[in-house]
Amino acid sequence: MKRFVRWLSILALTVLAGALLLAISSLPPAPVKLAGEVAANLAVSGVSHPVTAVLLNFRGYDTFLEVAVLIIALLGMLAAGLPPPPPTGSRNAMLPTLARLAVPLMVLAAVYLLWAGAFRPGGAFQAAAVLAAAAVLLHLAEIQGPWPDNARGPRLAIAGGFLLFLAIAAALLVNGGLLRYPPEQAGLNIVLIESGLSVSLAVNLAAFFLLRAPKS
Amino acid sequence: MNLNELLPLAVIASSLVPALLIFTLPEESVRLRTALNLFAAITKIILVGALLIGVRGGEDYAFRHTVLPGMDLVFKVDALALLFVSLSAVLWLFTTLYAIGYLEHAPNRSRFFGFFSLCVTATMGIAMAGNLFTFFIFYELLTLATFPLVVHRGTPQAMRGGTIYLAYTLVGGALLLAGIVWLHHLAGHTEFVQGGLGNALHGINPTILQAVFLLLIAGVGVKAAIVPLHGWLPQAMVAPAPVSALLHAVAVVKAGAFGVVRIVYEIYGIEFVQTLGVLLPLAVIAAITILWGSLRALFQDDLKKRLAYSTISQVSYIVLGVALFGPLGTIGGLVHLVHQGIMKITLFFCAGNFAETLGIHKVSEMDGAGRRMPLTTLAFSIGALGMMGAPLTAGAVSKAWLSDGAAAAGMDWAIWVLTASSLLNAAYFLPILYRAWFRPAPDSWPHEEIAARGWRETAWLLLLPPLFTATATIGVGIFADAAFSPLAWAQLIARREYVSLGQ
Amino acid sequence: MNLILDPLAWLILLPLLWATLAFVATDRYGPRLAIAGLVGQLLCAAMLAQDVASHGSIGHLAGGWAEPLGIRLFADGLSAVMLLLTQGVALALVLYARSYFSQATPPAFWTLTGFLIAGMNALFLSGDLFNLYVTLELVGLAAVGLVAAGGGAAQIAAALRYLLATLVGSGAYLFGVALIYGSYGTVSASLLGQLINAEAPIAVWLAAGLMLTGLLLKTALFPFHFWLPPAHGGAPAPVSALLSALVVKASFYLFLRLWLGPFAALTEAQPWLAQLPAALGASAILWGSWQAIRADRLKVLIAYSTVAQIGYLFLIFPLFGTGALALQAGILQVTAHGLAKAAMFIAAGTLIKVSGSERVLGVAGAAVHLPVTLFAFALAGVSLMGLPPSGGFLAKWLLIDAALDQGHEWIAGIAIAGGLLAGIYVFRVLRLAFRVTIADDEAAPLRPAAVLEWTALALAAASILLGLFAMPLINLLAGVTR
Amino acid sequence: MSSGLIFAATGCLLFVLGLGGVLLLKALLRRILAFNLMGSGAFLVLVGLAQRDGTPDPVPQAMVLTGIVVAVAATALALTLARRWQALTGREDIGRVGDAGSRRRSKQRERRKAPR
Amino acid sequence: MNLAFDLLLAAALLWSAWRTLATPQIGRAVILFIVFGLLLTLAWARLDAPDIALAEAAIGAGLTGALLLDAVAALRARRPNMDGDET
């Protein structure tokens, strides 16, 4: 029975794969072309890089909710019970030196990515990832200890960036819509949001590694 | 909202509000609860009195509230509704008095009286329902409100009885629901109209209409304990005596019988039922139930069980009366709705007294009970004689009209059924009376709980209600021709139902 | 109107705000933030419903960009009903939870609850398929977090199974969105409603299939229900209530929206498709009821009842004929079940808390020492059985009526049979409650806090009263276009 | 055949592969990996199919950025749960043990409560 | 040339994905998943999506990979016997 179900599922999946391939190979061109719309409105978006414009202006609301998803994942960890911290003293002797050298460079890279996001590939998410990686490196080098589950600092940092985003979204309701930037201030708003976000996201991502149950 | 809309609501509220209040009362506040109960019962009787006078004068009392598009909650007080309303309102007062005495030291009285009042609320709703939708709402509410009463004692037998009761009534409810929605779908509405829905039903496939009729009658037939849907009633007698009174006389089986009346007269219309060819089968089923119930009663040693089978038989008199085409049978059926209630409640009160005072539960333990408890036994005898149709009692009036109705409808076999049933009634009641009055008393009673004080054989509150209802059994028989007697009222209803038929 | 007080926007912002604050603040402030926030949200939902009732549907351009470039939020009668239900039930549950968790709150409970509600509100208000994906994840992950709360092995197992199911569900949904975007170049639901027609390419059919199936998985429709009983039966009572009453409805809502909106042309072109969800719904009713009848633990019984009750929601799909009956039946069922199931779960929570036993048998004697809670349980049961007067009854009535109207008598039969099966499992509990227990003679068990009993009763009473005052809800739905 | 279409086709196959993995594999970690493959497949289709005519489209690209972050969030949560599960039970898959175990436990609790 | 490269890359993606699920050792599977992520980065570059390529490298392959490695190490540390990888 079990084996039968298994083979049936594999058959069904194969059929699905075939149908999907067939479907995309015969697809007529799409009637709506958003790339053109993005290009047409890029000038008033506050940034010159189209992906950033979509991410933080045209579809900024998606990004807003997505930050909440990241926080929820962290909350889920807290709810389920944090893993214990790794045993200390097993680090590679070279790690602290490496970390001390690399971390400043990584921070620099993050700032660059954040700044670059306005007009070329990069932005808050990539910057946050680099920052988080720096924090993890510090942690592995045992320079930065694990965060206990009631640590205030990381929580404040995570909440702060998101609350800033929320405050801007709410304040802009005066313009008649969530996150509806006035064109002349769009750039400033986006920079503000992205700076807040990169810290918030970085701490959030780092917390996946650093937030550990207190040693029993 | 004017007074004519308000009055039906007030009748509902006069037991619904006390029910909700009683639920919140702590167990110890006996006085407050008693006061509330009596206040509610008396208020209701006064309200019903006002309605009686108004309806007789041709006043219309109706309340309408839209629940869904095209579906209204309707309370409509017509003569038929009032027949049932006043029966229940009056008997409720006595049952309440009786229950207060009966449950004097029992636990969980707040819960009991809460559901008790809720039961009566449901009965009022059933009586005053202006369409099948409303009828169904209160019909199911009655099921729900009686279940906690049936299982009130919490014993394994009570649990079993309650479960069987639920199984029957919930399935019955489901059938009824299916019938009602189907009818609503076919006819567009389910309002009760004198003479039936008429045109709304014409042009519909008769087979479908027969099926719907079957569903509807089966649905209400469960509560009316029509054979073969009667199985729950003998099981439910494990409930405390006031609850049995409620089930057998005031509320549950009456709700079923009343439903049959509404469906036959005011949904399909008696003439249309005749045309569909389902009137005769209904009469036959009723006749079978009458005989079957009486036969089974004959073999029960448990007193309450014997009474339960007797109820099965007697309630179908109402159905039989309804199924006899012509006003005489209708009058017989309707008047029996009231008369059976008064007589049967007397019997259950008395059975409760025997059980509470002396611990008598079985017919075989009845020897000499008449000497120890003469008043109760007297009341019991009157009730039993009434059931047999002895002259000057309520039973005689109903049976006379039913027989006339059968003759008028050309269904002479029904007369034989009635006669046979009367003989059977005598066969299962007379031995009880004989034992109670003429056999010597045993040395000790099974379980004597209440000692006699002078001529007062048991507690006040247990004694008065059966005495009153026994008196009423004779009263409605002797004064059957008085202005507000049940008979006069049944005649009024029949006149109005058949006027719309042009008879 | 004052733009900054736009109730639609605040329904999303408020819960996010208090959830984030609860994340930073200590547990002591969690309940206060939640209650204050939810009172505000309830107000917003009422205002929004008022607006919808007078203006029809209301749009809100996030970022000020019109479709297809931007995301358009919108509210019509359907969303208004869901929003009202969500805020109302959540408020009662939060009040209950505050007392229920008075000794120890599971970690992150308040903040997760806030994010969960935010996610649902965002879902009810979104008109953009990709944005809806994000809200789905928001709801799904927050719900998983709540299930995991407490961290016992049973909770973790339930959470893991739930997580995998919800991730596969949203994964399939996302893949469908990708195909849709590839086919039309937009993910705006309203635009797609105009673009998609019966001659749509295969990719669109596949997309619809994947998205709808993914949502069925998240809604736990039979046979995708396997994750629900452990998750809903194992979580703390307020969480179970939140999940059973509201969370599964969110993905159902989306299913319904897609069915009636973007994919309407597809489902109308192939009417037999509608039989599939109905057939699964019927199976769900039978299977879920059967499992509830033989469940050993009280909360598992209630969870299986949810499996069965979800089935009713899917019976409506073949019945969208010319009239509005099917939609009314579906939404009444959503509302009535939401209220009743929340009441039942928290009543069960109180019963379990007092008796100390999670088994159905633990209810014995509750009629004596926990009358209010038991009464709430019974009223909720009345609505679940579809007995009058209750919202569940009206839903069943409309469903049967619609079934007869559209000539699908078997659906009417299933609805009636399902009510009887529900009667068995509800009365299985109720009759036990009346059983006299030996424990009665001993010291009475401790009485729970009043708020635990009365919140359950309030929710149950609401599900009953819905059976008498359903017209406002029906009127709200009148403006919902197919 | 454009790059877009090639990678969209790859995405379809990855999605089905991942889906099969999540449904049919036992080990939790493996299923989490499979979920990530599923997600990557969806992302490739989203961008690849939209760019099948060769012109870049920033809208799906932004969506994928959002999607990647959501995926990492889900993965982090799933891994925490899997680790916790293994720490509690020593198991690295979830069979039907979850129900049976909880039922057994509830009965044990029952028994412990009984004498009170 | 480009077409050939794309096809090769697609094949490599599918192969690494397949191996990720099929390889018997979980540690190796995670490594293969990281390889898959890096290949995916190339694919994003081929699709003119440098933003995603960056994010995929940093988050998709990088952070996710690190999380997975962390988890594998933790799981392994708790296993009673070191030799038994999962089946």
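Couple of notes before you dig in:
Letters are used for the chains, namely A, B, C, D and E, taken in the order the chains are written, and counting of residues starts over at 1 for each.
Following the convention adopted for this analysis, a residue touches a chain if its C-beta (ideal position, glycine included) is under 8 Å from a C-beta of that chain, and two chains touch if they have at least 3 such contacts.
Source: prediction; values computed, not measured.
If you take subunit A and subunit B together, the chains in touch with both are C. The fewest steps needed to get from subunit C to subunit E, moving only between touching chains, is 2. Chains that touch both subunit B and subunit D are the following: C. Nearest to the global CA centroid, when each chain is reduced to the mean of its CA atoms, is chain C. Most remote from subunit C, judged by the distance between CA-atom centroids, is B.
When chain centres are set by their Cα atoms, the one at the greatest distance from subunit E is B. Chain centres here are Cα means. That of subunit A falls 18 Å from that of subunit D.
Between the CA-based centres of subunit A and subunit C the separation comes to 30 Å, rounded to the whole angstrom. For the pair subunit B and subunit C, the distance between C-alpha centroids works out to 43 Å. Residue numbers of subunit A whose C-beta contacts span two or more other chains: 16, 20, 24, 27, 30, 33-34, 38, 51, 58-59, 62, 66, 69, 72-73, 76, 80-81, 83, 125, 205, 208. Annotation for subunit D: residues touching 2 or more other chains are 8-9, 13, 15, 18-19, 23, 43, 45, 48-50, 52, 56, 59, 61-63, 65-66, 68-70, 72-74, 76-77, 81-84, 87. Among the residues of subunit B, none is in touch with two or more other chains. By the definition of touch given earlier, these chain pairs are in contact: A-C, A-D, A-E, B-C, C-D, D-E. Here subunit C touches subunit D in the complex through residues 130, 133-134, 137, 141, 144-145, 148, 151-154, 156-161, 163-164, 167-168, 171-172, 174-175, 177-179, 181-183, 185, 229-230, 234, 296-297, 356-359, going by the rule given at the top. Note for the complex: subunit D touches subunit C at residues 8, 11, 15, 18-19, 22-23, 28, 31, 35, 38-39, 41-43, 45-46, 48-50, 52, 59-60, 63, 66-67, 70, 73-74, 77-78, 81-82, 84-85, 88-89, 94, 97-99, 101-103, 105-107, 109-110, 113, 116.
Across the interface of their complex, subunit E is touched by residues 51-52, 83, 86, 113, 121-123, 125-126, 129-130, 132-133, 136, 205, 208-209 of subunit A. On the subunit D side of its complex with subunit A, the touching residues are 5, 8-9, 12-13, 15-16, 19-20, 23-24, 45, 49-50, 52-53, 55-59, 61-63, 65-66, 68-70, 72-74, 76-77, 80-81, 83-84, 87.
Remark: subunit D residues 1, 3-4, 6-7, 9-10, 13-14, 17-18, 21, 25-27, 29-30, 32-34, 36-37, 40, 43-44, 47-48, 51, 56, 61-62, 64-65, 68-69, 71-72, 75-76, 79, 82-83, 86-87, 90, 92-93 touch subunit E in the complex.
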